[in-house]
Structure formats: structure tokens, C-alpha cells
């Protein structure tokens, strides 16, 4: 019998070691495995390399992990946001290494790791500082850069429903990096709002087949889904909490 | 003398160029305004790179769904015909050339179509690129929506970008508050001016030898201004 | 208004030119766009390069296209089957060029074309005759070969349901090559059992988003789904019509 | 004197080695027999490379579904927990090392674990590879199920494959009708013999300097024979 359910988030993150590479799902706060990150903070592993699209918001979740000094390096596409003060401070103090990757290359590198691809050629980033030093090559008259897969020791992912085999479905844009991160880690840990009976998920609609998942923990209904208290980067009026992009020091529009 | 149009009018001008049925990604920031001016009755499918096609308008205040956001992390809705997918599939759509149009902001655009919109490269600045580089090279057609001048009055249309590039030779058209410019093998061509702006004035503002490709009274622009006023 | 529906299979295959590369979905007969292939035969284009997992079965479908002499080259993984006599004859007569590709490399090369990847490194086939002459490279101590994308002018695909935007769902293992072929062609043509109203397909369960599809033709309920008359490579007792693999001239088991 | 077991017994022997919870791909041909001998009560998930996990048994004769087939193009069923996916995802599972075990047929296996099972390279033969090369290099563990000898009595275990390779150094174990062999840095090791077969007889049959790694009475094999007989 296959039963990937574990009883607690503490059990779910058991075994993360100092120096591990940990992928964390989510785009902004949608799909961020909040409870698993909290458990990872409790668990205590340090010197981590984190793979996430962003580099933490506010004082919670990934930001709190950074704040505890547990992270050596971040691989991400969009670290700086209006509420990324924890990252900003550590980065400016030289206490955090940053590997900045264009978002699509980040996704494709994660997918490549899960798919057993040794490397691939992408046109994204060619001619920019982010492709400096990378090997380039022409295909069909267009210059491409060689990109390598990003493997992880652990992936922490938030999904919507799971069964005991680890089959997953997601909810709306909270899907984002989850399905590919599930494929790219040695141990994939998933938190879901609810576990359903085997056979309840439509085989045509399963997004992550169970073979990619090692542990499932049910974290229950998210209150903020109902009461709108946790609305990603927007306030209740829909105004962004993050500045327009690009808006580094100059107005890009 | 009117020599500029405002952002809403500019967004409407851009929207008027978008064909029925187009698959469009609107970069975060000012380009998202274009969504509010899409032609009535047309079906234009909005792509958001965090994993959705068929993005709808902002939700009613009481109906926010934290799982349903756009690339700017703003709450959005879906329209009938929408679909969700993961990040690798979403950027495959871009990189594979399946988007018809992408509208981006810019720090600078060079006369060869190079785009700089992700970093000023300033000392101590923290770089953040997001999907900008993927969008810049991915869509079938990449256009820029921007003020012609920076706050300090410098032209964003330049001979060569001074800021770090987002993409090389990727921009085909630049919509500014003063005029619309096409990137051509001969450099920027003015295809339309707004208000009383003249091509000579634009040459003075940009310091570039612009080609005059305007066609007399620029009826499209007038029409658009009226529409945006209505 | 977006309406990708066309009235007939003849309209669906309009514009295929001599010399075009045409991807045809299906694995064996599951997911084979039978009506579209018939229409392509009627349409008359020749000197075609066909991309399909197989090289035709019996006397119908792809086999009939081959039999009319319309195909110059086939890119596939498994041409020879017990009922591939049309292919066998033409190949032995030197009238058909064959590019044999391991099935997973075939799928990944099609995916790469749709995803804008210039090339990728795969361990599959390394050290075999099918990788002879290919550029190789070590990643993590394992030798990989460079593979290039396969683009097509047209893709002919069979799906289960579509809406007028071209959003698709498939049915069971008839999904196979459909979703990736839809992404890799200049013009993608899909036959479906039924077109449904826009909004009737669950956004979480759409497999092929409509932007990959150019034309949709409704070919109606497949009688053989109900009466079992068209059962792929098995007879009604479930015995394979194709020999075990491998069984070229020697018993591999 | 019993020196061989039949295919069903061999399939049962292989099945007895498969752990509860394993993700397994059974190559077409004889390896599909393994599915009929999986341990009662264990959950072993069968992958078929044409796009399904959770493959079930053959359907009842009246209940064939032409859209639901396995890699051998035989009608199959699904079990609760099944999922469907497209070919690129299916082979990504393989290539990415997500399958625990793959059982394949063979023409030849070399003492370095090279596998030849897709082509005899004969004059005028038509090559067909299917997913054989992907399976050979993809699973965490690749084992072979085969008769030890060809119909003409030649050993399929060889010093070096004469037939075109499917994969290099990919096989870890070979289950034959005479014995079970492991591929080791020192060449083939006999880990278990069936019936009265001796390691010396196997050396004579294969012409190879086999290591004797059997452990006396080989209880596992006896047990398996009983089970397959029952």
C-alpha cells in the first residue's frame, strides 16, 4: 500500500540537511507553501540554497527563513519588491549570494532537471548581462545560450488536493512553479488543503502524477481564501503592494 | 498647444492596433492599462506569464481570490475559455512564439530595437528581471509603451542603450506620449504624431535623425483620441 | 470573436503544400486523426515529410497516404509492425526516406520546437547507432547527445472536445502526441468528437490551451468507440495484432 | 532433471523482487507477463510510456476501449489513482529517473551491462526502436527478462554485444529461464539458479567466467517456483 501522507509539517520536512538545495513553490504569495516554510524554519537546517521566483515578502515565510540566517544563496528571477526588505538588507550586507535568472529560463531549467535533460539552448537573455560568460550557439540564425538544469534536494510545494498516491491538482494561478518543482527534487514535499480518496481525482485532470511526490501533508482550508485577508501582492482594493516593474531607480514607463 | 497624450489615451491608441483574436501579454505597470481600452466586441485573449490565458478584469472588492493573480501580483478574474498551466508551459508559449503581441515598458529603446527595461545598472541597485527578458524575445511582435522623455527630460529613444539590455533587436514599435515610432533598418521612423507635435520637434527632443513616415493628418490618432475621451 | 471551427475536414486541411512537413498525432490507432488524414489524401499535397510515432497500419489512414506516393520521408520511432506492409514495401524499394528516432527523443524534439528551445542534450541513444554522428557532451559524468527541434508546417491532431477558441481535452491514452504536436506546427488542425460551448471546459483541466490551435473540425461520435470495431492493435479478445517487440528477425525474449 | 523454468514462473520470480509501492514499466512482449504475478496486496504502479500511470489488467471482452491502450497497443484498463499525460511528459518521467524499475526483453546483454534488444542489424531488416532506448537508460533500475539461450542455442549473455546497442551499461540484473545474473564490475555473477542448474553448467552454456554469488539452496527461487505453480 502506498500512503504518502505524513501527520505533521514537521514530519514533512524531516531530513533537510545543512547545505541542501530547497525549491520553494509559489509566485509572490500564490502557491507559497507557508506552513512548510514555517516547519523548515523550526527544523533548523542552514546554509541552504533556495530556489524560488522571488526572495521573500514582508517578515513571514521565505523572508523569515532568510532573516534567521539560514540561507546562503538564492536562485530567483525577481528578488526586489516593495516588501523584500529582509532580502534587501542581507544582500546589501553581502550575506546572501544571488543567482538572478530570467523567469522562463528558471522554469525551463527546473523542468530540465526533472526531465533528465543535460542542458538546453535558449534565446532568452542572449546579449544581456545575465547571459555573460555563457556558451552561445546559433540555431536557425538566432543566437542561443546554453543553460543547465537546476536540481534540488527538497521541493516544498503547495497544491490544492492530493490523494494518498501523491496525485495532485492545483488551484488557479497557485499552480505556477509547483508541477515542475515536484519533478526536480530528490524529495518532494507537498502541502494541500485537503487529501481526497484514491480515485476521486479525475485521471484526465491530474496535474502532477503521484510518482513525483514523496510526502503529502494536509494543512486544511486556508482561511484567507475565504476572507481575503491574504491576497498576494494586492490590498483589498486591488492596488498593488509592489511597485510597477520595472521601476528600479527610474520610471520605466 | 497639445503635444502629448496621457497614459489612458496612449493605452487606447495601442489597444486600437490590436486585432480581434490576438493573444496578448501586457507587461506589468502602465501596459496593463491597455486592457481597459480593448475594442468593444473584439475577443482579445490576455496571457499572464504566471500561468493563465483568458485573464479578465479586476474582481469586485468583495470577491478577491488570492489564488488568482496576474504577473503584477494583482487580483484578477477569468473569462469563459480560460485555461491554467504551469510556469514552464507558460514560458514555452512565449519562447515558442505563440503570443501575437507583448506590450512592455522601457527605460530605453535603441534605434536597432534593443530594449532596456529591467535595470539601470546603478551602484548598489538590486537587480530584478522577472519575465522581462522572456517577454522581450518571445512574442511575435514586441511593442513598447512609454513616455518619450524621462523625468529629467532625456529621450528614452536612443542611438544605443546605456542601461543593461533586456533583449537585442526585439522591439518593433514604440508608442510614446508624443508620437508612435517604428523601428526600421534605417532607424526610428515616426509613423504618427499626437496633437501638434511635429517630426522636427521629435528630432530635437530625441537627437536622432528620424524618418518621417507620417501620412498627413494621422486619422488613426485623431480617432483614438476621440475614443479615449469618450 | 474567435471561432476556429471549420465546416469540413476538407476546409481543415486547406493549404498544405507539396514538400510540407506534417505532424500526425496518434500512437498506433489511438489518437490517430483518421478523418483528417483521409482529407489530406483527397487534398493531394505530395512530397510530404510525415512525423508520426509509427509509419501506418493496414491499408487506411497514414498507410493509404503512403500508398498514394505522397510521402517523401517519415520521421518516426516504430515503423515496422505486423501490418505495416505499405511502409515496408516502399522502404525496401527505396521510395521512402526514414529518420528513426527513439520515442522519447521524438517527443522531446517536438516539445522543443513548440517551446522555442534551440537544441537540448539527452542521454537517450548515446552509444548506439541512432546517435552516430551526433555531437556529444558530458554533464554530471554522463554522456549526452545534442538533439534538435522538429518543426512542422501542419499538425493534424485528434482530440476529444474543443471549444471555439481551440481549447482541447483528450481522452485517455489517445492524448499521446497530440498536445506537443499542437505546439510545434505553423498551422495546427484538430478533429474532435464534439465542440462544446466556450466556458464548458474546466480551465484547470484544459490540456491544450487554444492559442496552439488554428482550426477545429467536429467529426462526430466515433462509432468504434462504442462498438469496439476499431480497437487499435488488438483484436476483440485483446490479443495483439502486432508482434511483440523486439522481434525483428530474432526472438528478443 | 529440471534446469529451466517457464515464462510464467520467471515472471513470478521477477515479480517477487518488486517492492510494494514501486513504479514499474514492463516492456512489451514477455515482460508484460510480470503484471499477472505481482504480489497480492501490494500496490505497484504500472507506467505505460504512451501516457498513463496506474495501468490495470486487460478489459473484459465486451468492454474494450480503443482509446485506452498500452505501449504494446493492447487494450488495458485503469486503476483508482491513475493519471494520463502526453508523450513528452511520459518520457520525461523515464529520462528524469522517476521510474523505479523497468523490465525489458533482450537479444543480448554484455557483461558490462550493455543491452541489445531493438535490432539485429540484419541485411534488409527494417529498424524499429520505439521507446526501447529511452527505457534502457531511464529507469532507476533496468532488468532483463529473457531465455538464456537463443533458439539456435547461443548464449544471450555475452562478453560484448554483436547486435546494435539499445543502451550502454544500463542493465543491472538478468532474469533467465536458467538462473538470475547480476552485472558486477567483475562481469556476470550468478545470484540464483533454477532447478538443478549449476554454475559450472552456466559457465559452459555462456562461455563466460561467471562469479558464483549463489547462497546455497537459493530459497527465494524455490519459493517462487512454488508460488508460480500454485
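Going by the order they are written in, the chains are A, B, C and D; count residues from 1 in each one.
The rule we apply is simple: a residue touches a chain if its C-beta (ideal position, glycine included) is under 8 Å from a C-beta of that chain, and two chains touch if they have at least 3 such contacts.
Keep in mind it's a predicted model, so treat the numbers as computed, not measured.
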Hey, which pair has more contacts between C-betas, A-D or C-D? C-D
Sort the other chains by how far their Cα centres are from that of subunit A and give me the top one. D
How many angstrom lie between the CA centroids of subunit B and subunit D, rounded to a whole number? 57
Measuring from the mean C-alpha position of subunit A to the mean C-alpha position of subunit C, what distance in angstrom results? 34
Using the average of all C-alpha atoms in each chain as its centre, how far is it in Å between subunit C and subunit D? 28
What are the residues of subunit A that contact at least two other chains? 108, 111, 115-117, 122-123, 170-172, 203-204, 207
Residues of subunit B touching 2+ other chains? 52, 78, 84-85, 92, 94-95, 138
Considering only which chains touch which, how would you classify the arrangement: line, ring, star, complete or other? other
Among all the chains shown, which pairs meet the touch rule set out at the top? A-B, A-C, A-D, B-C, C-D
Interface with subunit A, subunit D side, in the complex: residues 20-21, 23, 41-43, 45, 47, 52-54, 78, 80-85, 92-99, 138
With touch defined as at the start, can you tell me which subunit C residues reach subunit A in the complex? 108, 112, 115-123, 137, 139-140, 142, 144, 148, 169-172, 202-205, 207
Residue positions on subunit C within touch of subunit B in the complex are 1-2, 111, 113-117, 163, 165, 167, 183, 198-199, 201, 203-204, 206, 209-212
Subunit B partner, complex, touching residues on subunit A are 27-31, 53, 77-81, 87-88, 91-92, 98, 100-108, 110-111, 122-130, 170-180, 207, 222, 224-225, 228, 230-234, 236-238, 240-242, 244-253
In the complex of these two chains, what residues of subunit B are touching subunit A? 7, 27-31, 48-52, 58-59, 61-62, 64-70, 72-75, 78, 84-88, 90-92, 94-95, 105-107, 114, 117-122, 124-134, 137-138, 145-147, 150-151, 164-168
